[in-house]
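Same chain, two partners: subunit A is paired with subunit B first, then with subunit C.
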Partner chain A sequence: MRTKRLSIGLGKTLAVAALLFWSLFPIAFIVMSSLKPGQEIFAVPPAYLFTPTFENYASLWNRWGSFFDGLLNSTIVTAGATALAVSASTCAGYVYSRNAGRFLNASVVFLIVVRLIPPIVVTLPLFPIINAMGLNDTHIVLIVLYATFFVSLGAILMRTFIDQIPRELDEAAQIDGAKPLTILLRVIVPLAAPGILAVAVFVVVFSWNEFLFAFIFTATKAKTTPLVISEMIGSIDGVDWGILFAASTVQLAPVLLFVVLMNRYLVAGLTAGATKG
Partner chain B sequence: MAGLRLQKLRKAFGAAQIIKGVDIDIADGEFVVFVGPSGCGKSTLLRMIAGLEDITAGDLFIGDQRCNDMEPRDRGIAMVFQSYALYPHLTVYDNMSFGLTLSKTPKAEIETRVREAARILKLEELLDRKPANLSGGQRQRVAIGRAIIRKPAVFLFDEPLSNLDAALRMDMRMEIARLHKELGATMIYVTHDQVEAMTLADKIVVLDAGKVQQIGRPIDLYKKPANRFVAGFIGSPKMNFLDVRVTGVSNGAVTVESPTVASVAIEAEGFSVGDRAVLGVRPQLLRRGQQQPGLGVIRGTVSLAERLGAETIVSLETASGERALAVIPQDEVFETGSAVEFVFEPDAAHLFAA
Partner chain C sequence: MRTKSLAQSLPLIAPVHMLILSVIVIPSAFVVWLSVTKSTFGQDPSFVGLENYIRVLSDPAFRRALWNTIVIVVCAVHIELAVGLLVALLFASGLWFRRFLLVAVLAPYAVSEVIAVVMWRFLFDPDAGPITLALKALGLPILDWSFEPTHAMVLIALLTIWLHLPFTFIILYAARLAIPSDLYEAARIDGATPFQAFRRVTFPLLGPAVMVALLFRYIFAFRIFSEVWLLTGGGPARSTEVVAVYLYQEAFSYNAFGSAAATAWIMVAASLVLASGYVFLLRKQVTGNAH
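Our next item is the complex of A and B:
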């Protein structure tokens, strides 16, 4: 009995360790490499003990000014897309939660179907249109695109969250003199905050890391960090791995921090509506 | 302050008729209770008055204004919900002042009004708490406070006490009665509990299946129920109903009898000899006794006797298998299975069409 329990415990520990190694190793590798002098990065056997240096970060600052422009662009695009997706999802989720009707129900199905189509199929034909509108290489095009990808999932997620808020609260507010928008902002939004944050986490992570659409729709002015990092790899004067890892670490840090901080809400978002109360 | 006039109000959800033409006049300052079994439409009717449900047909007047198409906020009403519906993220103070803040009432006045409502409802100590940290009774008082503060012409209560335990329910009932006296506002109160209806109401509206069954003062409904439904609904325990046959009709009096009930003359109209009818006698009006001229008699055997100390509730089974209850206002011993006769004054009995 005792040995059985012990072996189960051991098995669990090993499984968790394997999982942690699997997910943390690449991150640890990148961060550690960014702190090594260039020649030690790919040393065999790897140097686990080394004197950390910030020279890679200094070179990044000195030689890749475009990386920091990219960071600014990424920040603008991520913030914009998140704000847009979150507001649209919340509004839509509220409508879905509080109203019923054949048209509305059909549109939910439509939202799911749209989400199943590979985004690139819908996006490529947009290229000439966006060009014609003069929106190519602007923040706006990425903001709208990224937000669009998440409005369907976000709306459904928000509906689930808002469904858990008793309708009597809307009615009480209505009698208190609140109009629909006021009810949404002053009653629903504060109570659905965990859901809103969960949607935000999805959009932030996606927008911050997205490469393909940024590659298609931006060239110079609105270029995001992933693009700059890819340029580092294709750089004509050879790849400076130290700088690359420093850049990757900087790119990684904010989103990692954000996800860790919002972890609680992310899990809540994934399991929303799974059980009652 | 305002009275209300409901004229031929109807409500349909698709093909389902919920409210089937309701006419009610409510005077300014009156306490009116809508009572009826669940599904009778009483809550729907209240929500139509509040403006939370559309009115399919008919007219709703609050004061002199037709309110059918008016937004809830413009109707001069306040509502207390069964679930309290307090805003969980706001403090008691903010819950109560929510409406006033929306209408951009000056801060100082909001403060005065919140303090005043808190004083009336004894909530002063709780103003900084969130609803999660309040007991059921306290939450209900906050919900009432939120209504009071709007100084509405009409208060609407939707089964406000049904989530409270029995003792608290009685306290809150008295508190609501006191509030009505103090504020003098028109109040409409929905409940399925006929005790609440009897104790609180100036006027009771009994509803069943979307129709008004009777409107009147509580005691009138008790003494002169318009039909069998009202007779059965008002009063506890329920009125006894026994099948009888009409054997004689003479000006204003109808003589009925059955194997269970000895021949007795009841004041009633609209029956003719040979009709089947239903005799209604309240359990409290039955007493043990022998047949004498002028008294009605019900015969049967005791199937259960509950001795509560101050009173004894006797269940009676008649030869034909009908059941009747008698509430004897004293402690008395009844042998289970023994044959008994209960007598009643015919004046206090009712006769309904079968």
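Our next item is the complex of A and C:
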């Protein structure tokens, strides 16, 4: 009995170790390599003990100014897309939670069906249209695209979260003569904060990391960080892996920290999104 | 009262629908029209019926891309499901530092496809990649992904699994936690072994969550673009292209908007078929339970 329990414990420990290695080793390895001096990156066997240096970050700063423009663009696009998606989703989610009817049910089904359309499909007609409108290579295009591909999930998630807020609260406000928008802002939004954060996590992670739309719709002025990094990989023959690792670390660190801090909302959002949408 | 509340709610649901209509629905409908016409930049389109669809479906490059996509979807998604299920059961069996471990398993969710390609490309670098070196030291075969299309596909599948395991795991873990513990107690009192408890309690009750995870992952894995584009660019000689990369090449490298549009609608149709298959199975399950 005791040996059996011991072997189960050992098996579990090994499984957890394998799991940690699988999830964290790739991340840890590039962060670690970004701190290695150039010649040690390709050392055989790989060096795990070395004197950390910031020389790769210094070269990134000196040689890839466009990377830092990319960070700024990514920040603007992420903030814009998140604000747009969260506010549009909250308004719609409120209506779906508090009202019923054939028309509204049909529009929820519509939101679910729309999610079946792959993003790459819309690039075909949007490419010439956006060019004709002179909006190519602007922040606004990416903001609208990123927000749109999350408002359907966002609205359904917000409905689920707002469903948990007692109706008596908004009915009381209604009797006091408050307008729907006032009720939404004063009563619902403060109580629906976990839902808003869950939607925000999805949009922030997606907008900060997205590649396809940025690749097709931006060229120089609105280029986001993933696109700049892809150009670093593209010049692979002459690529400086040290700089690439430094750039990857800088791109990854804020969003990883964000996911770690918001893990509760991410889990809540993933669960609600998958079962309700 | 009803009409008044509808009039009041319309402005609140309008932004979501305007965004979706103008960015997704109308452009997608326009793609239908593109798919039955012949057009390139600067030329007036002319109606050609189903010619584009026939051309795409008989193009060996498309068939190769479709085959590659199906292989990635089938292999990656099912392995991911199996691993996700094991990890969910491991978590449910009680672990120390559970919150820390949960966050660790979630971490790849934060990683962009671009960075994931940088990571895995280096880990499997044929000369200096730490995994390649470890495989060599153990006398195991290495992944020669820049020359061997099959090896490149294995690397793409690994990368996909790594990026999306957090999603599959969370869905399954949440569903496992939702199973009341009385059921396990009852099974234990009835003398069920842990394996029997898994087969008779866990497995049937996880069914719907497994279906949801599979459906989402099928649909999203079918769209795979960035991982392939950034790792191999579809090469060598278009051998590792997937459907989305084929679409991109047709539209933006060869200016063949007609066949790109046909490819796009083949992708949409594939998603619809998968989703309706899912709805059909759910219906069957519901009626099955009722009987």
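FYI, the second predicted complex is superposed on the first by the 268 of 277 C-alpha atoms of A that agree within 3 Å, B and C clash if a C-alpha of one lies under 4 Å from a C-alpha of the other, contacts with A are read in each partner's own complex, and residues count from 1 in each chain.
In this section, a contact is a pair of C-beta atoms (placed from the backbone, for glycine too) under 8 Å apart; a residue touches a chain by one contact, two chains touch by 3 or more.
Just so it is clear, the model here is predicted, and its values are computed rather than measured.
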| item | value |
| --- | --- |
| Contacts of A:124 with subunit B and subunit C, given as first, second, both or neither | second |
| Which of subunit B and subunit C A:19 touches, first, second, both or neither | second |
| Which of subunit B and subunit C A:166 touches, first, second, both or neither | first |
| Partner chain in contact with A:187 - subunit B first, subunit C second, else both or neither | first |
| Partner chain(s) touched by A:174 [first = subunit B, second = subunit C, both, neither] | first |
| Touch count on subunit A, higher of subunit B and subunit C | C |
| First (subunit B), second (subunit C), both or neither touched by A:199 | neither |
| Which of subunit B and subunit C A:153 touches, first, second, both or neither | neither |
| Subunit C-contacting residues of subunit A that also contact subunit B | none |
| Complex interface listing, subunit C residues touching subunit A | 2, 5-6, 8-9, 12-13, 15-17, 19-20, 23-25, 27-28, 30-31, 34, 41, 86-87, 90, 93, 95, 101-123, 127-128, 130, 133, 162, 165, 167, 170-171, 174, 209, 212-213, 216, 219, 222-223, 225-226, 230, 244, 247-248, 251-252, 257, 260-261, 264-265, 267-268, 271-272, 275 |
| Subunit A partner contacts - residues on subunit B that touch it in the complex | 50-52, 71-73, 77-79, 81, 83, 85-89, 98-99, 102-103, 146, 150 |
| Residue ranges of subunit A in contact with subunit C within the complex | 12, 15-16, 19-20, 22-24, 26-27, 29-30, 33, 41-46, 87-89, 91-92, 94-96, 99, 101, 103-104, 107, 110-111, 114, 116-129, 144-145, 147-149, 151-152, 154-155, 180-181, 184, 205, 208-212, 216, 226, 229-230, 233, 241, 244-245, 248, 251-252, 255-256, 258-260, 263, 266-267, 270-271, 274-275 |
| Complex contacts: residues of subunit A adjacent to subunit B | 166, 168-169, 171-178, 182, 186-187, 190-191 |
